[in-house]
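As structure tokens, here come the structures.
Consider the two complexes below, in which subunit A is the common component and subunit B and subunit C are the respective partners.
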Partner chain A sequence: MNKIIKVLTESRWFSSLLFLIALFLITGAINPTFLSYGNIITCFNSSIVFILLAVGISFVIMTGEIDVSIGSTMGLSAAIAGSIAQQNGSWVMMVVYAILLGLAVGFVNGVGVAILKVPSLIFTLGTYGIVRGLVYIYSGGRTVENFSGAFTRFSNSTVGNTGIGIYLLIVTVIVLIINVVETKTRQGKYFLAVGDNYDGAILVGIPAKRTKLIAYILCGIFAAISGIAFSSKYGQVTIIAGSGYEMSAIAACVLGGISLSGGLGNVIGAAIGAVIMSSISRLLVFLGFSSEYDNTITGILLITIVVLDSLLRQRNVENARRERLIARSCSKKEIRKGHSQE
Partner chain B sequence: MKNKLTNIFKNWEFTLLAILILEFVIFGSINPKFFRIASIFSNINNYISICIISLFVTFVMITGGIDIQASSIVGLTSITIGVLWNDAGLNIWMAVAIAVLLAAFCGALSGFFIAYCHVQPMVVTLGGSFLYSGLAQVISNFSKIPAYQGISGFPGKNANGDYISFRFLGKAKLFDLIPIQIVIYLILIILCYVLLHQSKYGRRIFLVGDNPKAAEYSGINSRLIIFSTYVLTGIGAAIAGILLTAQVDSAKYNLGSTFTLSIITAVVLGGTLTSGGKGSVIGTALAALVICLLRFGLTLCFNISSQNLDLPVGIMLILVVSLRQINRIVHHLD
Partner chain C sequence: METGESKKLLSIRGITKAFGQNLVLKGVDMDLCGGEILALIGGNGAGKSTLMKIIMGIYQPDAGCIFINGKEVQIINPSVALEECVYMVPQEPMLFPNMSVFENIIMGFHESNATLKARLQEIMADIGWQMDLTRKAITLSIAEQTLVEILRGLMRNAKILILDEPTSALTFDEVESFFRVVKELKNKGIGIIYITHRLNEVFEIASHVMIMRDGVITLGGPVEKFTREMLVRGLLPVDAEHKVENGSVHAAIDYEHLEPAFELKDFCGYGFNDISLKVYPGEVLGVAGVVGAGRTELVSTVFGRDKSLGGKVYLDGKEITGFSTAKILEAGINYVPEDRHYHGLFCISTIAANTTSALLPTPEMGNFILDTKNEYSITQRFIDLFRIKVIDQKQTASSLSGGNQQKVVISRALSTEPKMVIMDEPTRGIDAVARGDVYNIIHQLREKGVAVLLVSSDIEEIVQLSDRVVTVFQGRINGEFSKDEITVDNLTIASFGLTKDEAMV
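Moving on to the complex of A and B:
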């Protein structure tokens, strides 16, 4: 029992979960109508696009890199899925195209960052521009809309009478599977190892370049799949669909306790962070603010959390060093004492 | 061959100049209108903000940092001027001064967290871009005019039809030809050049970027240097915001929100190392010119809509960084 408590309090995703619960409770205390089962489930249901994006990018962030092209990838995949849905195409087609697209973008990013060693922000900014341009070319500058009814209806269907959306169920299962893979398998642990200490990982024989490449490919695929969810949820895809989502996904990871310098955090944290991110505007409405405060609150939260995190880490490092110094001087004193007694 | 390649990469500014001439030749041969100075100048307002901000972001990137919040400060400056002038009834220059101070403060806030709390620049400026664009949205709520419409009608024309006061900054022309923005941009280039390449401050920026520890041990207050570069970028973004507002005669909270890609591309294309310690103002200025002419030429000669222009800029960025990196790898293998 004690061990479980210790594990929970030391894991970073648990504090984000507490933070999420606190947010809900505070909102509920101010406006009791919020605390209904339906409202809370809606918060989770409406965050699936962000969860998929955040889970994808969490692989890349764990390896210590960044990917800002995911918003564009999502937009392109959403446009493709939308145009398939216009012709009443099948789900299999959408998923296959999405995976191919994600694979391609992720591969290019991975080669640029892992093999050519271009700084990741710069390289993915480039692919962000290219893929966003492709969205314009693909959709001809027009909004993709008028999907077949079945496609949009599917996003509203729920599991029985529980109110839990089918997408939410699928996404939850995916997150849990990934969590098991990351904590139990060898390849899964490589992501954190490479992010924690790149050179050290190479020295102990971890294929660091390949791990980064895989992280980027997974990130691309998840971004592309979130595009399908996006177009089915919103029913239309504008040419700027998904712009700015990359920043929200990164922010979600930070809120979920994943360190942007790599090597720290897990996928459940990313999912919880995504729920926090997408719930903020909803909570604001219940608190009586206009949802225009959304960006401001997100910015304040993000900066506060990263600054606190950094300060705490520095204090820990400082404390550890002080303890070492004290221990060293103590041992010296004891040695001297020993000499004088002789 | 290999020697030639490295030589070209060593004289990066000459390469940029060559690309610039190539652009003139290609676009000019396809559409002679390209050479009409007036048509280039008439489009200048689309690009001048990118040019100005990239000058200052060069400073940040030489210290090894990055700034992705500058484009949100552009909108913040614009809406602050609009609301202070239109709804608070302040004198327009007073409003401008307050907006510049606010922008400098925004830069200082992020700079403080980066320099003194040692948080990664990328994360802080990401949070900053949320915060400042959100703040701009909040400020726009104080206005009687709905946010999507934008606050317009700034003071500017006298009885003779000459532009005076605030709109002078957007519409005036030197010798009836050169827009005032270009004059300001040239002045800023000279200022930045002196600051970065001729002054003690500039040498310290390079040293901090190249080797922060060595800089610290040689008695340089590296934290203050890093802090100051973010303040400068904030002010640079404010200048861009003022010029843009004066030009389009409309204060909006989301002005400039799409500039980030082009700004970073201009700085990287200009030869600034993202790891810090290397870069030049002239390189950035030339690179910004290359990007602007590319965007202008593609719309003029190939009828590509201006929304599509992320594509060529992205390809350019990727090509430059990849080639530079491949060159380095080849060089190391020798």
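Moving on to the complex of A and C:
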């Protein structure tokens, strides 16, 4: 039992979970009507698109890079899935198309960043534009709608009478599987290692470039899969579907304890962060704010956490450097003297 | 071929390596057997690290061959070196700070965790170490990080272990226990190449010793055959006394009647301690010492790049301790940094913009709209004065040769007309002609009465230019030399932390 508590308190995602619970409790304290089973389960149910996006981009962020093209990829995949649904097409086809699309975008991003060494923000900003353009071309500037009933109904189906959506169940299973892959397999550790110390990773024989490439491909695939969920859930796909989602997904990862400089965090944190991000607008309504405050408050939250993270990291690096320099210049006695003064 | 060649773990024959026109290794031979600790010593730029990087496959030699266990191998990249059981522990350990010790050690292996753990525990029991494997690497001291690096090597069945100045960041206690560890490894039959700047360590731990100077091995053999004096002699250039003259033909400085332009009193900071020195107007004060002695940390702290921990700094009698860099510039100190690419040039800006960049905050460049005429005339003045070879001022700084880039950086430092200039390695990586020009610039500064603090790893350069020299050893000043005492021998001996009596040359 003690061991479990120790593992939990040392995990970065655990503090994110506490933060989520605190958010719910605070909202409940101000407006008790919020704390109903139905409301809380809705918070989770409505976060699945963000969870998928956040899980995908968490791979890229762990390697110390970024991908801002996921919102566009999601939009294109949603449009494709939508037009298949219009013709009553099969799920298998949607998933195959989504995987192919995600693979292609992820591969291009991965080659640009890992192999051609273009700064990831710039390169994925480029693919963001290209893929968004493809959404316009694909849908001819029109909203894709009028899906078959089965497609949209599926998103409303729940597991028995629990209120837990079938999508939420699927996504939870995916997150748990990814978590096992990430923590128990060699490749999973490589993502963190490459983000933690890129040159050090090469020196111990880790295929650093390939690891980054794989991270981008996984990120693209998850973004595309989230597109299917998106179009099933909302029943229509506009040409700007998914724009701005990349920021929410990045924010979700950061809230979930994944360090933007890479090397820290795990996928459960990303999922919890996604729940926080998608619940905020709902919480604001219960707190009596109008939805116009959404973006501002999300932005403030994100910046606060990123700044704290960055300050802590800088302090750690600086302290380590200074310690090394002190060790180099002092004799034993002076080190002791220095410590006792402090 | 010598007899017994096949018993040698590592044999190196006739390795040469040049970077551009700079011949760094001039035919190096080296042998290492199992159970030997080969201490490799040599001054800055002797070629030690280049040789080690060739053994690790990070660089490729221009000529020569490497034999491991008597078999010739082409080490084309670090993976080949790892396969051949060669492992280098870098001076700054390359760990994954956010991972546990265990994860750090097993990273890059393909076996299951359980097998690896069993093997690791076996190795640790074998050499009698204990370490909490669940700690995160970020919490480890440098000594512990070095041990983790060694464990990484042992897990790869390393038979040849290269330790690059492993004790340079260790405290006294840590050094003692570290030596025990190294001796245990030696008893296990592992061949160790031990790079160090500390001659004491050679006699304490090494079985063999080798001295490198200017890309050649000047002497080598079992430690018993050598005395400290012989090692020091090996470090010194042959008949250096005749070769390098103190180039200063300048009248001696009247120390009696001059007030120092710059003074440090018991100055302490990260990487150095209790530094007291004075620089007089029109004087070049050389600061000599081996890499890592704390020279660069000292001057960058003076320039306000890091927090000082005690002591006082005076410029023209006024205290400037703890000023920010902008304030220090304003007070009249400027700095030519060690690495012109990282800290010096604005590479894709024009030469004019680079030269006048330090003047940007001053009214000289215009109050709001930049005074481009003035920018042009200031830049032209320096181009003419220092013979900077440019097509025109609108050229980008990155398009210049190294020597001309350095002159632009120096121009920038001088454009603020400082009372004192700190020059950190002013001629690193530039050709002989440009070097001569930089020396001329320094002479000009001296004539104008500017104080110059010259930090250089090139002892001959210090000898040529300085009016007075202090040597820094492990973060402290351990010697001061007046003009007639400045010789390559004296400075080299002091840089290695010895006194003249100890060296008895």
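Criterion: the second predicted complex is superposed on the first by the 313 of 342 C-alpha atoms of A that agree within 3 Å, B and C clash if a C-alpha of one lies under 4 Å from a C-alpha of the other, contacts with A are read in each partner's own complex, and residues count from 1 in each chain.
Criterion: a contact is a pair of C-beta atoms (placed from the backbone, for glycine too) under 8 Å apart; a residue touches a chain by one contact, two chains touch by 3 or more.
Owing to the predicted nature of the structure, the values given are computational and were not obtained by experimental measurement.
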Partner chain in contact with A:Gly112 - subunit B first, subunit C second, else both or neither: first
Subunit C versus subunit B, contacts on subunit A by residue: B
Partner chain(s) touched by A:Leu52 [first = subunit B, second = subunit C, both, neither]: neither
Touched partner set for A:Gly205, first subunit B, second subunit C, both or neither: second
Subunit B versus subunit C as contact partner of A:Gly263, first or second or both or neither: second
Partner chain in contact with A:Ala320 - subunit B first, subunit C second, else both or neither: second
Partner chain in contact with A:Val254 - subunit B first, subunit C second, else both or neither: first
Subunit B versus subunit C as contact partner of A:Ala193, first or second or both or neither: second
Partner chain in contact with A:Glu292 - subunit B first, subunit C second, else both or neither: first
On subunit A, the residue positions that both subunit B and subunit C contact, one per complex: none
Touching residues on subunit C, where the partner in the complex is subunit A: 78-79, 82, 92, 94-99, 103, 107-108, 110, 138, 141-142, 152, 168-173, 270-273, 292, 294, 297, 474-476
Contacting residues of subunit A [partner subunit B, same complex]: 66, 112, 116-119, 121-123, 125-134, 136-137, 141, 239, 247, 250-251, 254, 260-261, 290, 292-300, 302-303, 306-307, 310-311, 314
Contacting residues of subunit B [partner subunit A, same complex]: 66, 113, 117-120, 122-124, 126-135, 137-138, 141, 260-261, 264-265, 268, 274-275, 305, 307-315, 317-318, 321-322, 325-326, 329
Subunit C-touching residues of subunit A, taken from the complex the two chains share: 186, 189, 192-193, 196-197, 199-206, 259, 263-264, 316, 320-332, 334-335
